[in-house]
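Each structure below is given as structure tokens.
Next come two complexes built around subunit A: one with subunit B, the other with subunit C.
For the complex of A and B:
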């Protein structure tokens, strides 16, 4: 429809009806589950499954939030998740950047090391979780923050390394070489020239790592118990033999979205800024 | 300011032998141009001087000191890169002052020197901008500013003009030459462009396949090329090469083309040459002119020519004709010839001609 719209109408920037319709459908498709989740989180328990459905509760309530955060220890899970995910993200971005730089600039380990790094993700997690569990029990990392931070760092590192590897590979060497000739040590050239230029890539890798950690369920389920449990593991309590706690589940899901969205909004500015390799060529 | 002395330099990348034994002395304050076709090792040689490439064998001395194991920062050289290599996340002022800051110079002095360099290059109004906001020529100036602000012992240029359009290239070429006249620091400049080499250099080092083919002043190389490679590389349009044999009888020598006998200018040294030796006669287009007067002057060989192809450039006309069956291009005055098919007498200046052994392609 857009294609046949008369030129004059286009000039006035009126949006064709077809496009509005399409975007409308898409918006509903994306937002409907979120709306329903929020709706459920503030509904009284009796309204969960009524026919016809309650589109908006007449008496919204926060009891599910209270129960999810305190009775079911959702708040502890949230705090644990924040500590563990942020720590693992920072470690993964830091180590990933260093390793990727080394691989990209020094060809460390030849062709094979970089591939070996990626190959760590070829194994389904279930293949290693039992040995890891046994090791963790032996060395005292079971149900500790440190234990899960280590696991998540290892788990996210391959993707971080590969994202940063591609980024550094695409960056011309000459700027770092100019820095070396200008008077920098190898480390200064990395820190003062390569890292600032790679910032958008580092941020992107960090966002990926954070989301992976934040939503991880399986390792957390096996490797933690009553101390270092994370937010996703709390959800398992909502499905009991006496029925499902829909309201509590929805409330906790809403809470768990907040950090992800905040991070997305923060990081977007950096991501959109994108490559600033304007110094090269014309 | 410093001289550079390179002895027995080799550079290998795995099995690839990029630089194969270079000996080179560059005098203090000299403008040396390393020139050659791509892949001849000229950039590699430059990068080994900067310390960006380790060398496999040999020594590099700067100012009388062997710098083989020196880090780039400790060699006190500055380099201008082909892609300018400006730091995109820093302003022009920060870019220029970066090297000084990295060397822990006091802030006030950095500012003074950046200001001076910017004034010298006419980029003062750009100091607050970022590289992405600059044109190619402006970026080039910033890159040069970053080099001169440090007042290094040696300037290295790695094809600095190859990303600029033709007009800007001519302009910047002039500026680099002027810069050298003003600050008289040793400069080593890599290019594949023979015009840049000829116009800028005090000395040209012409490289091929990792070795030096010939070095000397631009006119040395232009007028007395050591090989057909050098002769063909310098000069545009290219030198004409004609296959023939040497005819020696006593002290008189001539070159026999298929149906012509061209006398070699008397007094020319042909030691070691033999009668009947296969040679290549090298004639530059500008050494052929439209004949004037009754008789050719001393050292000239006159020949009637029918022009096949005419390429006027305005100031000159490139005329192609056949000399003893082989196509030859001459650079004539614009009005010497008006259309293809025209016949006219051409004087060939045999005293300027080059003669090469056909087999070794080295000059006789």
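For the complex of A and C:
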């Protein structure tokens, strides 16, 4: 022991160049596109048609933000995204918590029901969205806020259910049993005892549901048009133009990514559970 | 595993004085809780799937009137469409390459982050940022970097290589595949990294200490300790990622639009164009059912292995 200890201390003190190099390279790889997007968003239009490119804009401007939000209806998309994502998040967290509690505490439907919900997570959206499009057109839900809210609720439910399922499984049941002994109904044991205890888990599940809705593109592309379009679909306007709209696209991207990144970083303690639907505890 | 389910038996006693409805609700409590979610999934996932199965066998086309039964014609049209086969091949190929790169890179980065060091928390927060960005924006960001002639990538390469580089990253094969892969790698390597890091930190450190005392080299320790302990996590990360990668659509929509020609059609993109730009809706639903069966095949294959190596 005595002979090994100093050797290990020496080893730990030596600088791991390889690791620093790798981590540094990867950090630059992650940050570079973000920096370039921000840089493009504040450059005057003349600056992005030059060789060499302008690395640091000398006269930063907000004109692209203004154009992206007002000329390209980015603000409408932002408001729609907020309405739709928040509503779907609340619904998904609520229904997900109800179902997860039943699955976790009463083993409802055995393994089949819980795995059936999980399997929904892995359905390719293209298989769902085509018939939903046809149905929505018939029942008048096409290009409405309600239509997309329902779609997003269903599409985030598997994640909410499984995250909350794992959360309830990790909670002791003794408090709820004590409530039942004291004469509470099952509903009261759930609503007054279990839900307040599970609040942090519900918030985490809601955050991931929100991020999923906020960044979703495919459903919004097909199920909305000029009324209920969300922020990601606004980017269609910038496809194929040579150079002229890069500033607007970048500005809109910056506006759109700030809320989801802020929420995601705040909730990063729950990230592993969120990504693996509760299968792994972070 | 310790049971977490509740029964009235273990809790004893029945609730006092309830109306008939309340008693009924209490008895069927567990079913009432799952009902809203299950009904919603049935209405917006199972019903559409069945509906699309019906549509697959009839004519449902915005260019051909009528809804006559056409048998397997919609399916055969997809199966014998060379573009469909190409798109399925490209989907498999692109997702396999992307996920492989993401896995190796994610594992390497996770290995550098296992031990704590000053600034680790901040670096962690930066590395996970791509996970919270819409794939549309990721595609847009890489478009800005790779565009010709004013994007910085070609300029930097020109400076580094000392000769003029004028690659059309989003128009020339094979570079456009590289562009799509790098956008995917940028966004999803953090996914691998986060899960693998969770797996790495769960390995008891005393195993490595024991190995060190026995004079085992770091490389041997990696193969003898890290890999077997990480096995279930690796399976989980690969499964989840692969099942998402085969849906690839958003970045293609933004970066290449499937082009040039049909060179960057993935399965999702192909079905989207058949359904929503050519309006052969029944052909698209038939194709999406074929894709669904293909996905289900991959799912059962992967998830069955995953369940065998239960991580928790």
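By definition in this document, the second predicted complex is superposed on the first by the 220 of 282 C-alpha atoms of A that agree within 3 Å, B and C clash if a C-alpha of one lies under 4 Å from a C-alpha of the other, contacts with A are read in each partner's own complex, and residues count from 1 in each chain.
One rule holds for everything that comes next: a residue touches a chain if its C-beta (ideal position, glycine included) is under 8 Å from a C-beta of that chain, and two chains touch if they have at least 3 such contacts.
What you see is a predicted model, and the numbers here were worked out from it, not measured in a lab.
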Touched partner set for A:184, first subunit B, second subunit C, both or neither: both
If touched residues of subunit A are counted for subunit B and for subunit C, the larger one: C
First (subunit B), second (subunit C), both or neither touched by A:148: neither
First (subunit B), second (subunit C), both or neither touched by A:93: neither
Subunit B versus subunit C as contact partner of A:175, first or second or both or neither: first
Contacts of A:197 with subunit B and subunit C, given as first, second, both or neither: first
Residues on subunit A lying within both footprints (that of subunit B and that of subunit C): 177, 180-181, 183-185, 276, 279-282
Subunit A contact footprint on subunit C (complex, rising order): 4-6, 8, 10-13, 15-16, 18, 22, 25-26, 29-31, 33-34, 36-38, 40-41, 44-45, 47-49, 51-52, 55, 60, 105, 108-109, 111-113, 123-138, 140-145, 147, 149-152, 155, 186, 189-191, 194-195, 198-199, 212-213, 233, 236, 240, 243, 246-247, 249-250, 253-254, 257, 267-268, 271-272, 275-276, 281, 284-285, 288-289, 291-292, 295, 299, 311-312
Touching residues on subunit A, where the partner in the complex is subunit C: 4, 8, 16, 19, 22-23, 26-27, 29-34, 36-37, 40, 48-53, 55, 95-96, 98-99, 101-109, 113, 117, 119-120, 122-128, 130-135, 150-151, 153-154, 157, 161, 168-169, 171, 173, 176-177, 180-181, 183-187, 189-190, 211, 214-218, 221-222, 231-232, 235, 238-240, 243, 246, 249-250, 253, 256-257, 260-261, 263-265, 268, 271-272, 275-276, 279-282
Subunit A - residues contacting subunit B, complex: 172, 174-175, 177-185, 188, 192-193, 196-197, 276-282
In the complex, subunit B residues that touch subunit A: 50-52, 71-73, 77-79, 81-89, 98-100, 102-103, 130-133, 135-136, 139, 146, 150, 156, 163
